[in-house]
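In this document, chain identifiers A, B, C, D, E and F correspond to the written order of the chains, with residue numbering beginning at 1 in each.
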Amino acid sequence: MQHLAILPIILPLLTGALLLLPPFSTTLARQRAIGVASFALQIVVAAILLMQTHNEGTTQYILGNWQAPFGIVLVADSMSTLLVLLCVFLAFCAHLYGCAGDDKEGAYFHPLFMFQVMGINGAFLTGDIFNLFVFFEILLIASYALLIHGGGKQKTQATVHYVILNLVGSSIFLFGLGILYGTLGTLNMADMAAKVGSLEGSNAILAKIGASMLLVVFGLKAALLPLHFWLPRTYASASAPVAAIFAIMTKVGIYSIFRVHIMIFGDDAGELANIAQTWLWPLSLLTICIGTVGIFAAPTLKLLVANMVVLSAGSLLVCAALQSEVATGAALYYLLHSTVVTAGLFLLADIIAKQRGKAEDRFVRSKALKQPIFLGIGFAVGAVAIIGMPPLSGFVGKILILQAAQSTAEMIWVWPIMLISSLAALITLSRAGTTLFWRHSGGVQDDAPEASYVQLLAVFLLMAASPLLALFGGSVVEIAQTAAHTLHDPNLSVLPLLPSIQSGGVQ
Amino acid sequence: MRLLPMPMHSLLLFVVWLMLNNSASVGHIVLALFFAITIPLLTSGMRDEKQKIKRPFLAVRYFFMVLGDIITANFEVAWLVVGPLKKLQPGFIAIPIDIESDLGITILASTVSLTPGTVSAEISEDKQWLYIHALHLTNEKELVDTVKTRYENPIKEILGC
Amino acid sequence: MLDWALFIVAIFICIALFLNLWRLMVGPKLSDRILALDTMYINTIALLMLYGIHMGTSLYFEAALLIAMLGFVSTAALCKYLLRGDIIE
Amino acid sequence: MSFLVETIISILLVFGGIFLLVGSIGLARLPDIYTRLHAPTKASTLGISGVLIASMIYHSVHTGTFSVNELLITLFLLITAPVAANMIAKTALHQDTKAIERTKGQELMETIKERRAPTLSEEQTDTTQENKQV
Amino acid sequence: MNSLIWIPLLPLIGTLVPLFSARYSRTACAFLTAGLPALALFLILSKAPEIFDGQAFHAAIPWIPSMGLELAFRLDGLVLLFALLILGIGLLVILYARYYLSDQDSIGKFYSYLIFFMFAMLGVVMSDNLIQIWVFWELTSISSFLLISFWGHKSDARKGARMALAVTGAGGLALLAGLLILGQVVGSYSLQDVLDSGDLVRASASYPVIVVLVLLGAFTKSAQFPFHFWLPNAMAAPTPVSAYLHSATMVKAGIFLMARFYPTLAGTELWFLIVSMTGLATFLLGGYLALFQHDLKGLLANSTISHLGLITLLLGMGTDLALVAAIFHIINHATFKASLFMAAGIIDHESGSRDMRQLNGLWKYMPYTATLAMVASSAMAGVPLLNGFLSKEMFFTETLHQGSLGSLSWMVPVMATLGGVLSVAYSTRFIHDVFFNGEPINLPKTPHEPPRYMRVPVEILVFLCLVVGMFPGFVVGDLLYAASGAALNDFVPYYSLAVWHGLNFPLLMSFIALIGGLFLYYNRQHLFKFQAQFPASDPKLVFEGIVQQISRRAEQFMAIVDNASLQRYIYFVLSLTIVMSAIPLLDLNTTAGRRPEIPVDALSITAAVLLTISGLATVLWHRKRMVALITLSVVGLVVTLAFAKFSAPDLALTQLSVEVVTIILLMLALFFLPQKTPKESSPRRIVRDLGIAAMLGGIVGTISYALMTRPLDTISDFFLANSKTGGGGTNVVNVILVDFRGFDTLGEITVLGIAALGIYKLIARMKLFMPSSDLNGRPWSTDSHPILLAVISQSLLPLALLVSAYIFLRGHNLPGGGFIAGLITSVAIIQQYVAHGVDWMKSRMKLDYQVMIGSGITISALTGVGSWFFDRPFLTSWFDYFYLPAIGKFELASAMIFDLGVYLTVIGATMLILANLGKLTTSERPVLEEHD
Amino acid sequence: MEGLYAFCVGILTACGIFLTMRGRSFSVVVGLTLLSYAVNLFLFASGRLKLDAAAVLGQSENYSDPLPQALVLTAIVIGFAMTAFAVILAMRARADLGNDHVDGRLPSSIETRKSGKQGGQR
C-alpha cells in the first residue's frame, strides 16, 4: 500500500512495455485482454488511492528515497488523485471502445494507449516541475502517435499542426523552466512555492516572465484563446477512442495552471502573487466566446463536440481566473463532468458517423440510424449534460461556477457569458440532435456497421457517469472542495511536503 | 561457431580497450578479453569476406613506411599550398591494379590518398583501375610506377595474393 | 613556453576555423562545403585537445573521439545523399 | 614538468598547428575541389596527429600514468580520412564539378564518373594534352 | 421517508411503466400507466383536509449542500391546487391519448414522456428550494421538447420543438440567474426563507435585476408578449400534449412562478409596470390573433396566450384580491381549455382536418361532442353560469379598483373589456364556424362521434365547468382559499364567490363584451381583410432563419480568425509569449547583475562568429535545403564545443551524437521531400516574422544574460555532496540522471520508445514519391555502395561497439552513460546501413527492435520496482564495492542495470526508425528516362 | 563571456523562430532544431557558466551546477525524439497530401478557398 501513489504511473508503463514483448505482443486478443485488465486494475488502484488520500490527507511518494526538494516526489492529494481516477476511468472506457475494432486500424494501439495514460497520470501526480515537463512530453508524443492512428489525410494534416505547435510550446516550456530554475534554484513545486514569496526586484521580474511563459504553454494545452485554434480540427479528426482520451488532455493544461499559477504563484507569492490572473481574465472569457461561435459554425457533430471542449476549457479557465477556493472546487467538479461527457460524445459521434453513410456526422439529411434508441438516449444524455441542463452533471458544474463569481464585477462578466454560451449550446445541440436522429429519408444504410456491445458499453459507462456525478453531487463536490482547500492553503499544500522547512523553519 | 571468428580483430579490440582506458590492470585485461571475444561473435555475421593478413610483420613494416611517406608528403603539399598556385599542375590519372580483394584495393586507395600529392578519386566498376587525382602531376609514368611498386606490391604480399 | 605554444596554436586553429567557415559559406559546390565541414571537425578535435592541455584535464578525450567517429559518419552520409539521394537504401 | 618535455610538447603542438593551418589555407586557397581535397586530407590529418601526440605526452607526464588513448583518435582519423576524401571526390565527379582548365587528363573525368575502364588509356599516356578536348 | 417525497417520486418511477407495459394492449398500457399518478393523486387528496385548515407540509433530503441545493418538497394550498391540475388533468389526458394516438405511434414512448413531464411539473410546483425549482423547470422544457417533437420526422414538429426549447431555455437561464441572485440576497435558497424575506429583497439593490430575470423566465414559459410566438408553433405536438401542457400545466408554470414569488417580489411599481403591462398586451394580442386563425388548435393556442395574459395582468395589479382572481382563473382556464383542446383533437381525429375553412356543420355528425365543445367555449367566452364567467367578473372588478397608472388608470378596464370582446368573438367563431355555417368542405373522413371513452375526459372537464360555474363556493371554495393563502403567504382578504353580485359595473362590462363579441364575429370579414394587408410571417421560419444566419456569420467569422494555417497559430503563440514577457521585462532596470563575468577569449569569439554566421546562413539559405543542413551541422558542432568549454562534457557528447543522428534523419527526409523550397512568403510576412524572431531572440538573450550575471543558490550542493556517498558515482550529472532524478530518465526513454513506435506507425502506411534525379535533374549515381566505404565501415563496427561499451561502463564515474553509448552503437549500425544498404543488413542483423524497446523500458522500470522488495521507494538505488583477488576493488550498482535499459531503448528506438525508413525504398528505384 | 553567450542564445532563438514560421515542413523542422539548440543553451546557462569545473568529483576544484546539465540532457533526448517524429511526419504529410506545406495545401489554393463559400472549420 505504501507504493500506491506510483502505481498509476508504473502500471501503465509496465503494461505498455510488456505489450511490446512476446508473447503478449503477438496477438490482438492478448493485447486487448491485458489492456482491459490493466485499466481495470488501475481504476481499482486509483479509487483506493483517492479514498486513502481523502481520509488521511496529502501523501508524498519519495522516488529513489531522495527527500524533497532534492529528488523527485509524487504528490497524492485530493486533486491529483481525483484526476487520476478520472483519467483511468476515461482510459478504460476509451480503450474498451477501441477494442471493438479501432485497434486494428494501425500498429501499437494498446501500448500507446498505456503510455498515453502513463503520461497523463504522471503529469497529475508529479510534484516536480521538470518532471512535469517530462510527463508532458510523454503524453504529447503518445498523443502524436495515437492521433495518426487509423491514417487518412485529415489525420495527417491535423497531426502536423498539432505536433509543430506543441514542439514550439515545449521550447517555451523549457525557456520558462530555465528562468524559474535560474531565479529560484529549485525544481520541486512546493519548494518553489515556499521560495517564490521572497523573490524581489529583478529576480521577481525574471521569475514573472518564466511563469508567464509557462502560462502560454499550459494555455496552449488547455486551449486558451488565442492558442486554441489547433484543437477543434485535431480532436475532430482523431479516431474515436483517441478523441475520447484526448478529452482529458486540455484538462492537463488546466490542472497545471492550477498547480503552478495558483499554488506557486498564488496569494502568498509576494510580488508575484496572482500574476496569471491579468491574462486569464479576458482570455478565458474570450475562450468561451470563441467556443460559442465555434459550436454555431461547426458543420459536423465531431467539430461541434470539439468546440464544446474549447467552451468547457474556457469555463474552467474562468475558474482559474477567479482564483478562489470556491472557484477551484467548482472547476474540479466541472472538469470531471465535462471530460466524461465530451469523451462519451466523441464515441457516440463516431458510431453515428459510421451509420449515416456518406453523410457521416454532418448535419444534413441522410439515411436513418441503425440503432436510434440507444444512440438517441446516449446523445440526449450527453447533450443535456454538456449544455448544463438538469438533472445531469452539467447543471451542477454550471451553478457552482456561477456561484463562484461572487463580486459584482465578476458576475457582470462571467454570468452573461456563461449563460449565453449555455443557450448557444442548447440551440446548436437541439438542432444537431433533431437533424441527426429525425431528419432522415427513411431506410437505413444496409452495409453500415452496427455498434458492438463493447462499444455500447463504453458509451454507456461514460454517459452513466454524468447522472451519477449529479446524483452523488454532494460527495463529489465535497471532495472537489477539499481538494481546492488543500491547494489554496499553503499549510496543507506546501509546508507538509518540505521536511526541511517543517523542522527548521527556513521560511 | 568458433570462439574467435576474427582473431586479428580480437587482438585489435583487446589492445584498443587497454588503450582507451590507459590501463593494463588485471580488471581491464579481463574486460578487454571479454570484449575481444564477445564483440567479434556479435559482429562476425556482418562481414562479407574473411580476408586474412598472411604476413603481419610485413604489414607493420608497411605501416611505418607509409607513416614516413605521409610526413614527407605533407611537407610537399604544404609547400605547394603555400607557394604560388600558378605553377600548380593538377591532373587525373588512371592506374591499372592487380589486387583483387576489396580489402587490398581499399588499403591501396587509402595509402595513395595519404601519401604524396595524390587522392584516390574512384575505382572502376571492374576493379581493374584506380583513378587518382594528383595535385602536381609532372611525370605520369613515374607516379604509376611508384604506386605499383612501392604500395601495391607489398600489399599483395601482405594479403598473400 | 607551453602557454605560448598553446596560445599560438589556438590562434592558428581559430584562423583555420575561419578559413573553413569561409569555404563553407562560399562553396561554390556542395562538395566544397562538405569538405569544409569535414575539415572543421578535425580542427575542432584539435581545439578540444588543446583545451584539455590548457585545463590539464583529459575529460575532453571522449568528445574528441566521438567527433572523429561521428564526423566521418556524417561526411559519408552527406556524400551518399548527393550520390544516391537515399542514404539508407 | 621538465623543460625538455615542455619543449617537445610545444614543438609538437606548433608543428601540428602549422599543418592544421596549412590544411585550412589549402582548403580556402586552392582553385578547385579536386585540388582542395588534398590539403585537409593530408595536412590536417598530420596536424591533428601532432596535436594528439602532444596531448598524449602532456597527459602522460601530467598524471604520471601512460596515456595512449589519443593514439586511437589518430589511428581512427588515418583510417577514415582517405575514405572521406574518396567520397567527396566521387561526389564532385558525380556532380560534374569542373576542374581548373590546366588539369591534365580532364577527358578521364567522364570515364571516372561512370566508373568505366579507361578505353583510351594507351593513347592518353603517350600523347600530350593539347589534342584532347572532348 | 416522508410520504411527501412519494408524490413526485411515483410519477418518476411511473416513467418506466409504459416502456415495459407497451407490449400489452393499449388499454392495459394506459391503465398501468395511470396507476402510479393516480396513487400520487390519492396521496395528495389524503392531505387536502389539513391543507384546507391552513397547514403546509415540508420534506427535505440533502443533495449538494455546499451549493445550497437540497431535494426539498412542500405541499401547501397553492401546491395542492397545481398538483390537482397536474395529476387530475394528467389522468384524463392519459385516457384520452389511449384513443387519440394511432397504431403507428409508440404509445409506450408517448406515455413515458408524458409521465416524465408530469413528474417535472410536479417537481416545479412542489419544490421548496430555489435551485430545485429551476431544476424541475428545465425538466419541463426538456420533456415538452420531447413531446412537441414526438412526430420528429415532420419538419414542423422539429422546428416547433426547437423553437419552444430555445425560448423557454433562454428564459430558464434568466430564471436561474435571477434565482441565484435572489438566493444570495436572502442568504438561503430555501423557498420558505425567501418567501419570508420580501422586504429584504425589495429593499436590496439587486431587486430590479432579480425581478427582470425571474419574470423573463416566467414570461417565456407562459408565452407572454413578446415571447408568445413559440406556443402556436408547439401545436405540432399531438393534441393530448396540447391539452395537457399548453393549456393546463406547463404554460401555467410561469404563472405559478409569479404567484409563488408574489410575497417576495410583488408590490412594487416596477413589478406592477412590467407584469401588468405585459399581461395586458398579451391579453389583447392573443385575443386578436386567435380571431384570425383557421387552424382549430391555433385558435385555442392564441386564446391560451390571451388568457395567460389575463392572469398575468391580474398578478401584476398587486392587490391581494387580484391574486385570488388570478388563481381562480387558473383553475377555470385549465378546465375549459383542456376540454376544448380535447374536443378539437376529437374533431381532428374523426374528420381528418383542423382547418375551420373545411370544417362546417359538424353538429349534424357529432352532436354530443358539439354540445360539450359549445359549453366549454361558452365558459371561455365568459357566459354566465359557467366557470369562466365568475373569474372574468372578478377580473373586471379588479381592473376597476386599481389606480397605479394615475390618470390613465381608466384605460385598464376599457382594455379589459376589449379583451373580453375579442374572447367572445373567437369563442363564437369556434362554435359557429365548426358546428354550423353550412356543410363540411373536402374533409378527408366523414366525421362521426368518437369512441365512448375518448369523450369521458371531455365530459368530466365540461361537467366541472358547469358545477364550478353554478356552485363555486361549494366546489372550489376551500381550494381557492387555501391556494390564495399560500400564494400570499399571509391572510386572505374577504372575497365572495357568489354567482350573482347584483347589477354592477363588472356585469355591464361582461354584457358589453358579449354583445361586442357577437357583433365583431359577424363583421369579421372586415377585420380579416384588414389583417390580410400584413405580410404573413411564420415565427418558426423566422426563428430558423435567425439561427441559420447566426451559423453562417459564425462560420464566416471563424474563417476569418482561423484560416487553418499553422503559421498563424504559431504567430499567435509567439505574439502572446512576446507580449507576456516583454511587459515585465520593461521593468527590469539593469540587465547586468552583480556576478563577475568570465573574460572573453579568442576561441570564444571564433566560436561565436562561427555560430552566428552559420545560424544566419541556415536562415538565409533555408530554401537550399542541403546547404542549410550543412550550416546546421556547424551550429550543432559549435553548441557541442560550448558545452565542452563550460564544463559539461556529458552534454557535449550527447549533443554531438544526437546531432549526427538528426542530420542523418533530415537527409533521409530530404530525399522524399521536394528538393527545393519555393519562394512564397510575401515581403510583408517576412518582415513580420523577422520582427517576431528578433523580438523573441532579444528577449531570450536578455533574460539569459540577466540570469547568468546574477548569483544563485541552488539545491545542487546536495547532489555534489551525495553523489559519491549516496549514489555511488563521481560523475554527478550521470548520478542525477540515473539516481537522484532517475525518474526523469525513465520518462525520457519512454518518450524515445514511444516516438519510435509512432514513427513506425507513420512509416507503415507511407506511400512515397521517390525522385529519380537530384536537384539539378541529374540521375543518381549507379554506385550504391562504394568499396572503400563498405570495407572501412565493416572494420569500424567492432571498434565502435567497443567504444560504446567503454562509454557505457564509465558513465557513472566519468562522462558517458547508457544514452550516449546507445547512440554510438546506433550510429555505428546506421553507418553499416549507409555503407551496405538495407538488403545486405536485413540478412545479417536479426534484431527485433520493438522487443529491444520493450525490454529496455521494462528493465529500467523493473530496476525501480526492485527496490520495493527491500521496502524502499521506487528507483531507490543500490551499490556496493566488491573485492576479487587479482582484479581488485570494483563497484556494482543497480544504476548500471537501469542504464542498460536506457541503452537498449535508445538502440531499439533509433534503429526501429531508421531500419524501417530504409525499407521503404528498397523495392525499386525509378530510373530517369534517357531523354530527360 | 556571458554577454557573448547570451548573444548567441538570442541569435539562435531568432533564427529558429524565423524558420519555424516558414511554410514548408523542412524549414520548420530545421527551425525547430535550431530553436532546441537555443533552448538547451539557455537552460544550461540557468545554472550559470563556469570554466574548468566539470561536475565530476575529483577532477577539478570547483564544480559547475550539475542539475541544469542533467535537465538539458533529458531535454536533448526528448528533443531528439520529437524532431525525429516531426521529420518523419513531414515525409508522411508529403506522401498523404502531395505537398510539403505545413497546411497540406499550397498557398495559391488558399485564395480559392477564401473566395469559396465554405469557410471555417472544414
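We take it that a residue touches a chain if its C-beta (ideal position, glycine included) is under 8 Å from a C-beta of that chain, and two chains touch if they have at least 3 such contacts.
Because the structure is a prediction, the values reported are computed rather than measured.
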Intersection of contact partners for chain A and chain F: E
In terms of C-beta pairs in contact, which of D-E and B-E ranks higher? B-E
Among the chains, which is located farthest from chain F on the basis of C-alpha centroids? B
How big is the gap, in whole Å, between where the Cα atoms of chain A centre and where those of chain C centre? 48
Chain centre separation (chain C, chain F; CA means) in Å: 24
Determine the centre-to-centre distance between chain A and chain D, using the mean Cα coordinates as centres, and give it in whole Å. 60
Which residues does chain B have that touch at least 2 chains other than itself? 16, 20-21, 109-110, 120, 123, 125
Of all residues in chain F, the ones touching two or more other chains: 20, 25, 38, 40, 42, 45-47, 51-52, 54, 56, 59-60, 67, 71, 74, 78-79, 81-83, 85, 89-90, 92, 96, 102-103, 120-121
Enumerate the residues of chain A that touch no fewer than two other chains. 130, 134, 137, 141, 144-145, 148, 160-161, 164, 168, 175, 178-179, 181-182, 187, 233, 294, 297, 299
Considering only which chains touch which, label the overall pattern as line, ring, star, complete or other. other
Spell out all pairs of chains that touch, sorted by label. A-E, A-F, B-D, B-E, C-D, C-E, C-F, D-E, E-F
Using the touch definition from the top, list the residues of chain F that touch chain E in their complex. 1-15, 17-27, 29-31, 33-34, 37-38, 40-42, 44-60, 63-67, 69-74, 76-85, 87-92, 94-96, 99-100, 102-103, 107, 110, 114, 119-121
Looking at the complex, which residues from chain E come into contact with chain B? 783, 787-788, 790-792, 794-795, 797-799, 801-803, 805-806, 809, 832, 844-845, 886-888, 890
Chain B residues within the chain D interface of the complex: 16, 19-23, 70-71, 73-74, 77-78, 81-82, 85, 88-94, 96, 109-114, 117, 119-126, 128-129, 131, 133, 135, 137, 140-141
Could you pull out which chain B residues touch chain E in their complex? 6, 9, 12-13, 16-17, 20-21, 25-27, 30-31, 35, 39-40, 42-43, 45-48, 102-103, 105-106, 109-110, 120, 123, 125, 127
Residue positions on chain E within touch of chain D in the complex are 776, 778, 781-783, 786, 788-789, 792, 795-796, 799
